[in-house]
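In this document, chain identifiers A, B, C and D correspond to the written order of the chains, with residue numbering beginning at 1 in each.
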């Protein structure tokens, strides 16, 4: 092939790690959690794949995926509306005898027939709890060059406390993963898996079939870690920008970090655009007497009040005399006249009525659930 | 079969917008923070339920073509119908550029007849307005008209700039004059026509056969139909409408968006104006920025002071820069400490530190020379350079230079 | 609105009546049963809706819908890939607490929130067991003119025996339905419901909410028939061409009927095209010594043998010396050299090996399941 | 950024196909039962992984435009890239129709540079062949060439009809002559070029500045590059390739599809030829029909006898009609008892009962006058009328008339 089309297909697990953010995922998947003023978490990995020529992507949904299906539609915004391949949302009960799955292996088992008739040589798997702008082309290249069976990305960072019971860490020697731990809680910098894997499609199919026969469910614990002597698993340290959502606090912090121009540039700069669903909002309107400082604002907002150190998603209204400080306000939040909110995360369509005051703290941002009126 | 299709005349070079249309068809000129002019008639079509639009163009269509693409941003990527850009072409018997507005339609009769429409709406690509054409069509049908022309009342003193109609109490047009010196009425044509296609086809063919015709709707087709006694109706339009064919009117129309008293509302969810998206993240406002009465869109980074201005996608305004009563088109970069007042700054312009572009009329000794300054696409205005009011800059301005 | 856009949204139940055709629906929905040389059953109602300007269509799937999702894709072939509305496939577990549904009412309950925020005034509901080219514009018009609460189509035909336990019949007086029976088995011509309904969206939402509270599950038995005194239900006799799939025999017969030009013209003629998924097959190739009579053949076939009174779907191969008579051969069936098949229905990718003979009768066509080799 | 994009020259009027290209650009001429000529280069692009294609056209583009649409049938509706039809246009400094093949590319340098390609493939819109351009590109890169030309060996006696190359043992071209009277070799150019874009750009600009140039690839660009000592490579192609620019070759290429011994296979799933679908149901064969060695597609109804023929979508052949060695394009209707032999019958032609179109060469007394008969689009051949071999019919033939 002449073009930049990658010889890999993509698999995304949109429901993984939802239990870390139960407030926001009771009516949506982790993949559809809003992030960074106008995106959903899945936009990052999906755009990264599309930008690297990966144009056959399966999203293995489990539950609560109406908002994700609505967001993804036919995949047009990510250039994934294709005659062959493209975006493929795989729901439960899709085939006879396929039930709602538990672990990653069961989810993969539901598409093993599909996988076996695809043409791409490699498979890249990812969750949707990280906002990253990954260069998958170089990931594929390094995997092919090393001759590994499996290659995975890790970050070298301290393990966030909230995922002490929900992580995989690696011991890497000369690039090869020699130990893969589950639920590591050692202090200090560790090699934390990003759960982004590449391997040959045939290898994955074989792994799933084997695991199914033995009734194994965890890809990391049951398949990878037990076979590190047999399998050449390579670990690559990822040094790019990563926003990792582990709980409400990290959700808040990772949004706020984007107010630093260097972080914004690290995530969105470069040649690869992050695509998202288009809402056709008008530009944001700043009224005559508004005041705004150090904030990130999407389109379709109308700002008449006072906004500082905040992230405003599409269609937010801040009315006259309202004060918004250190907040993350999701789509179509309305802050009415004279209301005062600080350290607050509002979900979609929240309304803060006139003159109400709502304050969290920097360590404990207050969350207001979808469509609630305060 | 389609009941009604639209043909959009986007052909003109827009020479009065000179610096802005050097490499760009007029309908593709950016407007209102995230739109281009053509988004308004296109969105009107879609919102009115017209799903088939032909765009007639022969001038610098590359960017317009790319912008329209498959029509998906306007939901006009249809299996049957949708939006089509129609350039002139050669046939077995010869070839012609479009000679006039009527000839442009004439050359595309085959396109129109594919859809066997009963009615054809003829639109212009240089007007900013929101209109439900379906209501105008209802009126056209009710009047049993061969042609219905959308009209609005203009101040009598401006009437001689327009096509002016006289209509009787039943809205039947009795007289039509193109830019009359002594206007008889103040009913001006908005350049929006609905024709019963059978009739229009007949007059287009007659017009084409007339070697003395200028092949123009206003100068030939409409007068000929009127002279032949066809039923011609005037449809009164009350909302906001502006021809943005000049720098002054383009600037004014952008400023109208910032005026809460002007009935041009792009925030109305019931009549969305669609456009192709920039794909950039939300805009960033720095800790020392100051903004009021302005429109800002995705990908901007503002560290300076913005008053009464419209910023398009990806505009950067450095610390201490001052932007007043101005329009900064996509990708413009205003470096720290530069001043831009009463100006239109086109795509990807760089204004270096300390430069001054345009000025406020109240700061002029002789206001008769005052006007909106325009910087053409891709130009760099050098360090401490000065671009005077009314200037039309089409070449880089060197450091420290003054440009008139 | 100027255009032919209808002020109605569509709802299709693709799994209804599957139990009548268990052989063919164990791995697919009724909606994805192949019909008429290159179509699937759902193509007919979906194209009819799209052709009449209905561009917001929900397909409420229940199980075995992988082939249906593959067939429908983003809905592009039906011009239903739209920014607003378009084709909306609703799987189970789509929203929290929505389970795999039983009856039509439960299925509707899963989209009642969706319905409540739509803009169209009317809702048209249909199953996918009938191949019909319906003019829904006139259906809407007649419903609006009559001022009815609900309007439904019926056929005046004898009730096919196989649906004696699976039908609704109507007694109609001056257009109004005065009695609605379930599982009617009277002989002679009856007014057999086509299960195609129109009503106001608000009416339907009210009906679903009421039924849900009362734990009612059947739209016809529990909602319509009990309320015929209160509800103005109008019945319209449908006089157009209808291919009704009630069992394997009727499946076979309805395919065969299309060999009559007048039937073909009645179903496919007129201005409304029936759309289907494009396979990009080459034209059918008739080899030097083939023989073909009275047959309907889709693209991509290669005919070297002898074919008579048969329906051949896309990509069928009839090799040298093979004989195919009175058969329905679905996609990519291969009849090898010297094989002889008569009164046979082969599913996709069946292979009849060389010199095999397989005969059914006109009253009992033999069915060969998907991908079987005989 | 794209590594390689394709530009497809679809401009020519195709005057040698006269009756077929009266209202149709040559690349849009139907071919092979359900394709149009342009489906072959377009499908080759997609199958080779080239997802950005510019189609240069200025002649009767309406049907071609409509056929290409948003490129979806070829999977070329892309967010970035995809297929674009590029007509000539006017700029602020003037306007021009495409003067030659090289000028057509020159006028679209802006389009090409949007994608910053390293390589550009230049293709023709009138060749039938299947080729993996990615292999040719690999060859181009390996040779470090400025230009690679696909070549095939032709019989020496036909060499003077082609651009003929002499190449050394490393496939480096040492000589190029356009239609030489005394050919030195039988390596013919297939009109398929890969250029390193930087180089091509330079020679296009030089060529444009030369007022004596014909602005043609074969006559100007290639000889100039060769003269300047650029590395020019000949890439040997072995498969089926045919220029279908004449009636005879168009007819032959269709017939080649019916010949199992000719390596042109459209049934190969690994290299599909894509086309826009007719949307019609499967074709119907009547109880008394007879068919052999033919291709038939959707929407046809055959009650007559078909030998060695290609039937396009929606063709009707009545009872007792005889079709031999002929091509019936979409929507053609052959009424009962009519005879069509060695003919090309264009779209929506009606041949009435008892008419005879074309004849077999063996039935001619003087074979020197024999040739394929052509009926132009939409024509009616009247009851018992006769269209002689080699005729090119562009007007209705009345009942009982003979047409030469």
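The definition used in the following text is that a contact is a pair of C-beta atoms (placed from the backbone, for glycine too) under 8 Å apart; a residue touches a chain by one contact, two chains touch by 3 or more.
The shown structure was predicted, so the numbers you read here are calculated from the model rather than taken from an experiment.
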Specify the chain most distant from chain C by Cα centroid. B
Name whichever of A-B and B-C has more C-beta pairs touching across its two chains. A-B
If you average the CA atoms of chain B and of chain C, how many Å lie between those two points? 48
Centroid spacing, where centroids are CA-atom means, of chain C and chain D in whole angstrom: 41
On chain C, where are the residues touching two or more other chains? 76, 81, 275
Residue numbers in chain D touching two or more further chains are 72, 77
Touching residues on chain D, where the partner in the complex is chain C: 32-34, 72-73, 266-267, 272-275, 277, 279-289, 291-298, 301, 306, 310-311
Interfacial residue positions of chain B with respect to chain D in the complex: 13, 21-23, 57-62, 65-66, 69-71, 77, 84, 86-92, 95, 97, 108, 110-111, 114
Along chain D, where are the residues that touch chain A in the complex? 1-4, 48-51, 72, 75, 77-80, 133-134, 137
Can you tell me which positions in chain A touch chain D when the two form their complex? 1-5, 76, 79, 81-84, 271, 275
Of all residues in chain A, which touch chain C in the complex? 26-27, 62-66, 69, 73-76, 81, 86, 91-96, 100
